[in-house]
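To start, the structure itself, in structure tokens.
Per-chain numbering from 1; labels A, B, C and D assigned in written order.
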Amino acid sequence: MPRMTYLQAISDAMREEMRADERVFVMGEDIGAFGGAFKVTDGFIDEFGADRVMDTPLAESAIIGCAVGAAVEGMRPICEMQFSDFVSCGFDQLVNVAAKMYYRQGLSVNITVRLPSGGGFSGGPFHSQNPEAWFMHAPGLKIVAPSTAEDAKGLLTTAIRDPNPVLFMEHKHLYRRVKGEVAGGAYETPFTARVAREGTDLVVIAYGAMVHTALEATADLDEGSVEVLDLRSLVPLDEDAILASVRKCSKVVVLDEANATCAAGAQVAALIAERAWEDLDGPVVRVATPDVPIPFSPTLEQAVLPQVDDVKEAVRELLGY
Amino acid sequence: MPRMTYLQAISDAMREEMRADERVFVMGEDIGAFGGAFKVTDGFIDEFGADRVMDTPLAESAIIGCAVGAAVEGMRPICEMQFSDFVSCGFDQLVNVAAKMYYRQGLSVNITVRLPSGGGFSGGPFHSQNPEAWFMHAPGLKIVAPSTAEDAKGLLTTAIRDPNPVLFMEHKHLYRRVKGEVAGGAYETPFTARVAREGTDLVVIAYGAMVHTALEATADLDEGSVEVLDLRSLVPLDEDAILASVRKCSKVVVLDEANATCAAGAQVAALIAERAWEDLDGPVVRVATPDVPIPFSPTLEQAVLPQVDDVKEAVRELLGY
Amino acid sequence: MASTETAPAEVSAHLTAEDRVGLLRAMLLMRGIEERAMTLYRQGKVPGSFYDGYGQEAVSAGAAWAMAPQDRLCILHRDLAAHLIRGVTPARIFAQYMGRAGGVTGGREGNVHFGDRKLGCVGMVSMLPDMMLVATGMAMAFKLRGEARCAITWFGDGSTSRGDFHEAMNWAGVQRLPVIFVLENNQYAYSTPTTAQFAVSPVERAAAYGFPGVQVDGNDAEAMFEATRQARERGLAGEGATLIEAVTMRMHGHAAHDDMKYVPAEQVEEWRAKDPIDRQVRRVEELGVDVDALREEVRAEIDAGVEEALAMPMPDGATARDQLFADQEALLSDGRGPWSGF
Amino acid sequence: MASTETAPAEVSAHLTAEDRVGLLRAMLLMRGIEERAMTLYRQGKVPGSFYDGYGQEAVSAGAAWAMAPQDRLCILHRDLAAHLIRGVTPARIFAQYMGRAGGVTGGREGNVHFGDRKLGCVGMVSMLPDMMLVATGMAMAFKLRGEARCAITWFGDGSTSRGDFHEAMNWAGVQRLPVIFVLENNQYAYSTPTTAQFAVSPVERAAAYGFPGVQVDGNDAEAMFEATRQARERGLAGEGATLIEAVTMRMHGHAAHDDMKYVPAEQVEEWRAKDPIDRQVRRVEELGVDVDALREEVRAEIDAGVEEALAMPMPDGATARDQLFADQEALLSDGRGPWSGF
């Protein structure tokens, strides 16, 4: 199997689908000749032409709204937000038009919105956000967040084929740092969680870049055997997998790169507190970014984003509980 | 003390502040001669003139963005969203411009945004929403949600005077249904929780209209003494009050009219699971609206919004745990 | 700036006598249905609020008449005639208003928030004018696939102030898309007069986006038809979008609860004399058609529709959580396009 | 449509020799700072990305020169000269780029995302062109309080496609607000040429919002000054907003990482001949000023600024959670307005 980066895997998924299905096309700012701010669609315009690799005006509401229009006509647009942060400018079209369409009138909206997200490289308050929780709280949107190259390709393929609007959270910090074996051809990865590492004494629940932080923080702990559960999908949320891990391990750390309040991690913790309370041998510990904008300067940014040591400390403390 | 409705109390707070402080003015769609969709600013234009009771174009991003501009110049605008649902159209200005201004550059943004929210009267998917959780997940915004006339006035007064952007969640269903004694003149209510009814065996934690649902559902239960905690403020969240109630009662039902996933209730439940785990004598039970748009037809709407019986059942079951 | 104020004689070249009667019929049906619905509302049988398009019937009837079965429509809240022309029956509309299981949205949505996807319509959302972008996106799909089809949407004078108006106009202009924007200028946005909404009529903006803006007497169904027909021809010919400003008047309050005190009585009187149905009645009577019989026929259809709808059950609460997500694609299909020219 | 292409001789009536030197000085300082910052970036001393306004110095220098101390500015990412004119020192700018504690935002924000509130500036957000609404709102405050002041903001050709552009233009038009919108048309939005952004130059839109749109040679600092001065006069006179299209060229990549392969070499060459600093140098030399000495002075100021900034500590991580909310009001105060006409 070829080895590729997380970024290449994303490109690969789109390329495969565009080759196989005329209805699939990509649209966004600077994705054509330029190949996208992160070069995810590099070379696409040569293979597929400017119609199917559409440079749009600088207008996120239009990108999403027009994608919805194309989708109800049977196209399968993949929209790129240049940074996930800019989805705030297309928020209304996503949560009110795209999300509610099927429930309200039985009309399916097959759009995929790619959201390059996350911090860790001095992007500052507007290029570092993890906006997924807003959309978890907007019924009608599916949301996935891969942590590996293999899952990036498989989840994106599933997303493109899914008849519903799917937000694809791709973590910028993983683009080139994460590599892995990725099967050629198209394959679908289900919207379910995945045990990234088996363990018995404590489970760290995470998704996206934080899966790697979790794995690194718990790789060689003497204090106990730590499981890492990679959620992969936030909507639908794989509640069975979460509850199974908690049942097995009895101790949980929920890890989130997003701001803590009302984050995906809050939902996971609330779920556990309600449905796995009897299985718990300690509090549901959360590690997340405090409720502030992501600051620019490295010293400040590192102080707010969850670091390997933060996770290690939380895990150790809970194991010793 | 005069008795007034929740709606009159809101008007009263604004009127007092506008009389006392030249910097305060109101802006929104149809709030002038028409007095607002819900008549909250009825008569204001006669007393304060069209400049301070400003009918705006139909443009929520502009309403919020221009309010920010006026605020950094020392004005204290109060913006009305005609329905809270339309805040989705001004989302970006709120979460990116208003919310982050002070943290990023030490410039305070004294705006108040009034959000008539909530369901229960066949408003359908676009006139029934409770969007507060989106903004709890957007650091830099304060959020309050009164359940009584007295608090409506006091919290709004505090909001108007607060140098930060404050979202004032006013529940439409309480406008004329809730009445109470409200002191004349101006007074501030702190952004803290309030015990709506003391109890010892279980606490229901709620805010806004759901406080009344909680009180009604638990008014005459033989199974135990139920406390009702009215959060009043969501940001800041009165964690001490929440933890104190849990410590005392050991059992908790978290009640939320918003869609369940990543709601305010999820945050409260997560907080309890982390910080009051040892105090719990049972799971942290949640009652909330399932993750669907709010349907129009009364039979459907009632099936999704939390009803008195739903709360009663959840409380009984947990008391018997 | 291109701008037409075409007289009826000039605009009817593409309409047969049957078309002209059809237009009148659609308008009568719209007015009759909305009047009846208002009564049902007052009787407490219509939950929520209720909006109508009294006095604006020509805007949707005239424009929708020009659209072919394979065209696509995003119909707004004062445009019931467009739904009727596409083929939605009165019974389903009454059931929609009353939140019944047999309504177009099965009770999930209320009042005018509907569209029958099987008739090529996408139901509006409340956020105005979001549907402009959806219509633009459909037109984009037509262009990408090289299909000779058009999309159309309506929106009010107030709606022109929102950012989505601009993003849609600009996108349609820069990509030369076959989309028709019908600006329904009924002088008010809720209580807000157009003077508080814009300094210059938005029809003037079209040129700055690179396509024509046309002002039309919105109380003349045939003028609306003709302007839309021409816009559609432009779209099909690859010449891009058109903005049609339909100048009309909202003759009722914003919604059922609104007594419209803020509108000067003279303004209402002035416009009452321009009633779009009266105008079309005169034309059709000149053709020798028995309009009283037509009215009778329409009334009977409405009576039957109300009865049918009242017999429908309310939706089952147990289904409220179902079908948030689609298991498989469920797309648009064609509607009726009754114009004799197709 | 009002449109000026004013020759230097005509535009200088309101500028003294000192003003003309001041304009050149601001542009030299901007270019020098940005060049030095690019070196620091390549040395790894500037985290994140780095944006500059090489070749566009006249747009911000000329416009900012026309603004009075009590006016307010929302300065965008290619407009460093405006910050300098208001009184931000090179040291604080270098510290800003490097994320140091002594930077304008103390390290909380990066690169050009800053504004010194004590100099009457509101720092930009990334979402383009959100600041148009903030500027409009400041102008609204001036009007409400009956103050003779103006707000100004800059934004690019790409930014005109967003809804907030429209909402701001419309609001400013309908309320006749003293706000100046400077459209910095530098031919590209990142890699996207204006042809993919709009069908007609957005300067044409102004009239449809009810105020003038003026096209100006954006590489002529004095022309920019004069157009802005006139716009400000209009604002102060209660005549409302002005849109100024500054026609210029982005001579560097979008940001430090961008090699700008998508820009034809001839286009760059063509514009290199129109360099705004060269032009102002010629004018100032005609006045008999020793430009070499001026360059030397500027260089020394930059050297000192870099040194000062490099000596500043990084911010303390322990402060990262502080001051999310204000305990008390912290508003704008006045900046420098060096124009001799004040």
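The rule we apply is simple: contacts are C-beta pairs under 8 Å (C-beta built on N, C-alpha and C of every residue); 3 or more make two chains touch, one makes a residue touch a chain.
Quantities reported herein were computed from a predicted structural model and do not represent experimental measurements.
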Original post:
Which chains are shared contacts of chain A and chain C?
Top reply: B, D
Original post:
Taking each chain's centre as the mean of its Cα atoms, which chain lies farthest from chain D?
Top reply: C
Original post:
So how far apart, in whole Å, are chain A and chain B when each is placed at the average of its C-alpha atoms?
Top reply: 30
Subject >> Centroid distance [mean C-alpha coordinates] between chain D and chain B, Å >> reply: 40
Original post:
From the C-alpha centre of chain C to that of chain D, how far is it in Å?
Top reply: 45
Subject >> Distance from the mean Cα position of chain D to that of chain A, given in whole angstrom >> reply: 37
Original post:
Among the residues of chain B, which ones contact at least 2 other chains?
Top reply: 56-57, 59, 61-62, 85, 88-89, 92, 96, 100, 103-104, 125-126, 139-140, 291-293
Subject >> chain D residues counted as touching two or more neighbouring chains >> reply: 105, 108-109, 113, 125-127, 161-164, 167, 170, 174, 196-198, 324
**OP:** With chains as vertices and touches as edges, which is it: line, ring, star, complete or other?
**Re:** complete
Subject >> chain B partner contacts - residues on chain D that touch it in the complex >> reply: 72, 104-105, 108-109, 113-115, 117, 122-123, 125-127, 130-142, 144-145, 151, 163-164, 167-168, 170-171, 174, 323-332
Original post:
Can you list the chain B residues touching chain C in their complex?
Top reply: 29-30, 32-34, 37, 55-62, 82-83, 85-86, 88-89, 121-127, 290-293, 295-304
Original post:
Which bits of chain C are touching chain B when the two form their complex?
Top reply: 47-48, 99-100, 105, 107-111, 113, 125-128, 158-159, 161-164, 189-192, 196-198, 262, 314-321, 324
Subject >> chain B - residues contacting chain D, complex >> reply: 25, 51-52, 56-57, 59, 61-62, 64-75, 92-93, 96-97, 100-108, 110, 139-140, 142, 163-164
**OP:** Can you check the complex and tell me which residues of chain C touch chain D?
**Re:** 160-167, 170, 173-174, 176, 195-200, 202, 204-205, 207-211
